[in-house]
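Both complexes below contain chain A, partnered by chain B and then by chain C.
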Partner chain A sequence: MELICPAGTPAALHDAVAAGADAIYCGFNDETNARNFPGLNFSREEMRESIAHAHRYGCSVLVAINTFARAGNVELWQRAVDDAVDAEADAVILADVGVMDYCARTHPQQRLHVSVQAAAANADSIRFYVDSFNAKRVVLPRVLSVQEIAAITKEVKCETEVFIFGGLCVMEEGRCSLSSYATGKSPNMDGVCSPAGAIQYREEKGALVSRLGEFTINKFAKGEAAAYPTLCKGRYQTDEGCGYLFEDPASLDATTMLPELRAAGVAALKIEGRQRGRAYIERVVKTFKDVLSALDDGRPLPVDALRGLSEGQSNTTGAYKKTWR
Partner chain B sequence: MSVSNSSVSRMPAPLALATRVLPLLPLQVLLGICLREIRSRHPRIFDRLGSHTGKRYGLAPSDLPIAFVLEPRRMNPRVTVVRTLPANIDARIAGPLSALIGMTDGSYDGDALFFSRDIEIDGDMEAVVALRNAIDDSRVDFLKESVAWFGPLAAPIERILRSLVGAPATQREEFGVEGGGRSWN
Partner chain C sequence: MQLTLGPVLYNWKPELWRDFYFRIADEAPVDVVVVGEVVCSKRSPFLEPHIPEVVERLAGAGKTVLMGSLTLMSLPRERKAMLELAGDDQFTMEVNDLTCLGMLGGKPHAIGPFVNIYNEATAKYFATRGATRICLPPELPLSAIRAIAQSQPDVTFEVFSFGRVPLAISARCYHARLNKLSKDNCKFVCEQDPDGLAVTTLDDEPFLAMNGVQTLSYTCASLLGDVDKLRDAGAGAMRLSPQQCDMVAVAQLFRDAIDGKVAPSEGAAKLSAIYPLKQSNGFLFSKPGAAFVTDSGDVRRIVPAA
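Here is the complex of A and B:
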């Protein structure tokens, strides 16, 4: 199985290459990608140089153009596709059917992957992308159990890719409007969930209070692990008490599920975290390289090695193992 | 979800106490020289900061009785050493000195330090995120570059400083790996 690693900057990409990534995904520094954060991402020149660097070491680069094109300004997304092709990207990762159509018609030789943002969660929808746009791979949304992934992978003609580590959200991939509701900006249209400009932190007698727009998201007691200030991971006061209404703040860690994912026929394993620093990239990539080696050699898989890097310092196997059913 | 044991080192208390009585001016002069070096060696930092080059950042080592005001202006970057951070800063980043230095050289991941409560951030979060990303991309090794002008003595001085501060040694260079991956196109 191929290991797909994130990179938010050229330096992170270089570190991911050095750590042994098979492929790296990254995006341009605008709203065409779903990690449109201040100071992050690649200029056109940086993208060309970074892809050339990765190719020198046999590493592929996938360019994420995975937000939804805005009416009246689709040229921005089309230009991103043109520039990714021009920079010799090994694949473009797309979510918007209009952008996919443009790519398939304008650059028929370009390898096209369906982004997790497209929320293609069943064989019929994946067949649509394969038949209509010649998609070669689909990144499956994080709503599926391993058994469902196996069934889909068996049924479709393209490769499947799944997330194995990193931030999780409420599994409304490409459809979530919580951030839009709170801040007017969303990952789907603006490339940013819970934009930094809408976040406030303050100390209250040793507790950390996080706010997003007009909403208090959480209050972490002294000594309690913190989490991102997203509405989906907010802890709310209700008539029933105080708790996490949508989901606990925890990162996905599917290490223990890797044998089953391999048996399911999954082609590629993806690490989330283009917004994270080089220390994260290097450690997570090296850890999963070791894990995959152990898997190949039949050795026990090292587990829980990355908890310190996880949101809320807590991990979950998410929907892969639906223990709540 | 209590915080697991932190791996971040704290400055030894006697050293921190000594800083309380040290004059700040020499340190400020040294940091000014270092900042100018960083400006000339890492111009891309300012591109990534964009409009945030005009911001005032308060950097507060929680294990030292001093703090720093960083103004990363493209033409004339400035750092001021203070006993207490002034009110007129745009953003504040606080934590053990080793964590603050480790975030600059890529030893520590800023998000992980936030999750573990090793660092505190407040104020203009766009400015904080832009600074974090700009520095992470630049590969600034703050300690190494601070002592570079000592010439042949730089390496031993750096080792001493690292052990005092508790900052991990960095061996990050521009490099790649041999083979391994496959290409589609």
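Here is the complex of A and C:
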């Protein structure tokens, strides 16, 4: 299975190449990519140089152009596709059907991957992308169990890729407007979720209160670790009960699921975290290389090696086990 | 400007669901009605016995009837059900997931608000594949609605204009999670909240609403005061999403606003009397969706500052 690592900067990309990543995904420094954070991502020139560097070491680069093009300014997304092709990206990762259509017509030889943001959650949906745009791979949304992933992988005519580590959406990706409801900034249009610019912390009777826009997302007692106020991982109330109504502030760690994911026929494993620092990238890549070689050799998996690396306070296998079904 | 009644998003008792549509057929000044379960396939078997009579009554009253597809399909039985629906030539399907597009094989269809159409290039692509009506995603601002609608004059574009705004869909059921039940043995607890279960913050700010696998806004979208802007942008229909209130009166009020018989401020007051939930229209103005932008451009916070 191919190991795909995130890179938010050219330096992180170099680290990931050195650490032995099979492939790296990254994006341009504008709203065409779904990790549009200030100070992150690649200029056109950086992208060209970084891809050339990766290619010298046999590492491929996948360029994520995976927000939905803004009406009246679709050219910005089309130009991003053109520039990724010119920079010799090994694949473009797209979410918007209009952008996929442009890419398939204008650059028919370019390898096209369907982004997780496209929410292709079953074989019929994936078939639409394969038949319409000659998609070669689909990144599966994090709403599927391993059994469902296996069934899909068997049925479709393209490769499947899954997330194995890092931040975790509990809502189906690409179909969530919670962030824009609270802040006016959305993953689909702006490439951000629960953006830092909309967050405030305040002290209140000894508790730390985290707020997003006009809304309190969580309160932490003194000494309690305060998670980043991602909207779907806040504590809320209803008449029927309160707490973490949608999801605990947990991160995905599917290390223990790797044997099953391999048996399911998954082609590529993806690590989330283009916003993370170089130390994270290096350690997470090295660790997963070790885990995968242990898997290949039939040795026990070093499942605890990544402890402490995730952003959440606890880890979960997410939908892969569907313990809640 | 047409009026469309969107599908009931909540788990209503089947007989009440049927009677709701009977009254809509007889009384509501809407042009198009979307029928069917779009949120959770576990609810579908309870509605199915009533669908033929509901469709017949609505069609008999001159309404255009669309059958809404599910929004998230992962089970084989869900895909099979959609395949049957797509193959049924008695109905026009409203596609809520691209899963159904291949099944339709180019047949004319509508597209619901859960398909990501954010720009004119994507709208054009779907129009060439047979879409004749498109309800745009609720988070789109007016500028995008204008650019899209004006680029495809042959397609009728709808804007989500009344009701709690659907914001997210998940494989996981939050009603079941809250009640410490598994999804497979959920006991249909969502039926206790036929208007959605209000979610407030730890500071008692009204925030969201829970509806099984779906998350909606706490606020009720109201674009009643924005009719002229929508018409000017090229929108062809306003969508009303059923809530637990007099939807015939809601439809009549929107019809009056479209016909210029009621002023925006008067309309807002009348709407509050029919359905006293806080109103929002922020998405239309690139503000937080929870906000309400008045006709004079003031942005009202949904939560008054302390």
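FYI, the second predicted complex is superposed on the first by the 310 of 325 C-alpha atoms of A that agree within 3 Å, B and C clash if a C-alpha of one lies under 4 Å from a C-alpha of the other, contacts with A are read in each partner's own complex, and residues count from 1 in each chain.
Note that in this section a contact is a pair of C-beta atoms (placed from the backbone, for glycine too) under 8 Å apart; a residue touches a chain by one contact, two chains touch by 3 or more.
If you're wondering where the values come from, they're calculated on a predicted model, not measured in any experiment.
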Which of chain B and chain C A:79 touches, first, second, both or neither: neither
Which superposed partner A:277 touches (first chain B, second chain C, both, neither): first
Touched partner set for A:321, first chain B, second chain C, both or neither: neither
First, second, both or neither for A:262, with chain B first and chain C second: neither
Chain B versus chain C as contact partner of A:202, first or second or both or neither: first
Touching both chain B and chain C, residues of chain A: none
Chain A-touching residues of chain C, taken from the complex the two chains share: 71-74, 79, 82, 97-103, 114, 116-126, 137-140, 143-148, 165, 167-174, 176-179, 182-184, 197-205, 207-208, 210, 215, 217, 282-283, 286-291, 301-303
Footprint of chain B on chain A - complex, ascending: 8-12, 14-15, 17-23, 37-40, 53, 55-60, 88, 90-91, 111, 136, 195-197, 199-203, 208, 220, 223-227, 249, 275-280, 282-283, 307-314
Chain B - residues contacting chain A, complex: 1-4, 7, 48-50, 52, 102-103, 106-112, 114-117, 120-122, 125-134, 136-139, 172, 174-185
Chain A - residues contacting chain C, complex: 68-72, 74, 95-99, 101-102, 118-125, 127-129, 131, 143-144, 148, 170-172, 174-178, 180-184, 186, 188-189, 209, 213-219, 232, 234-242, 245-246, 319, 322, 324-325
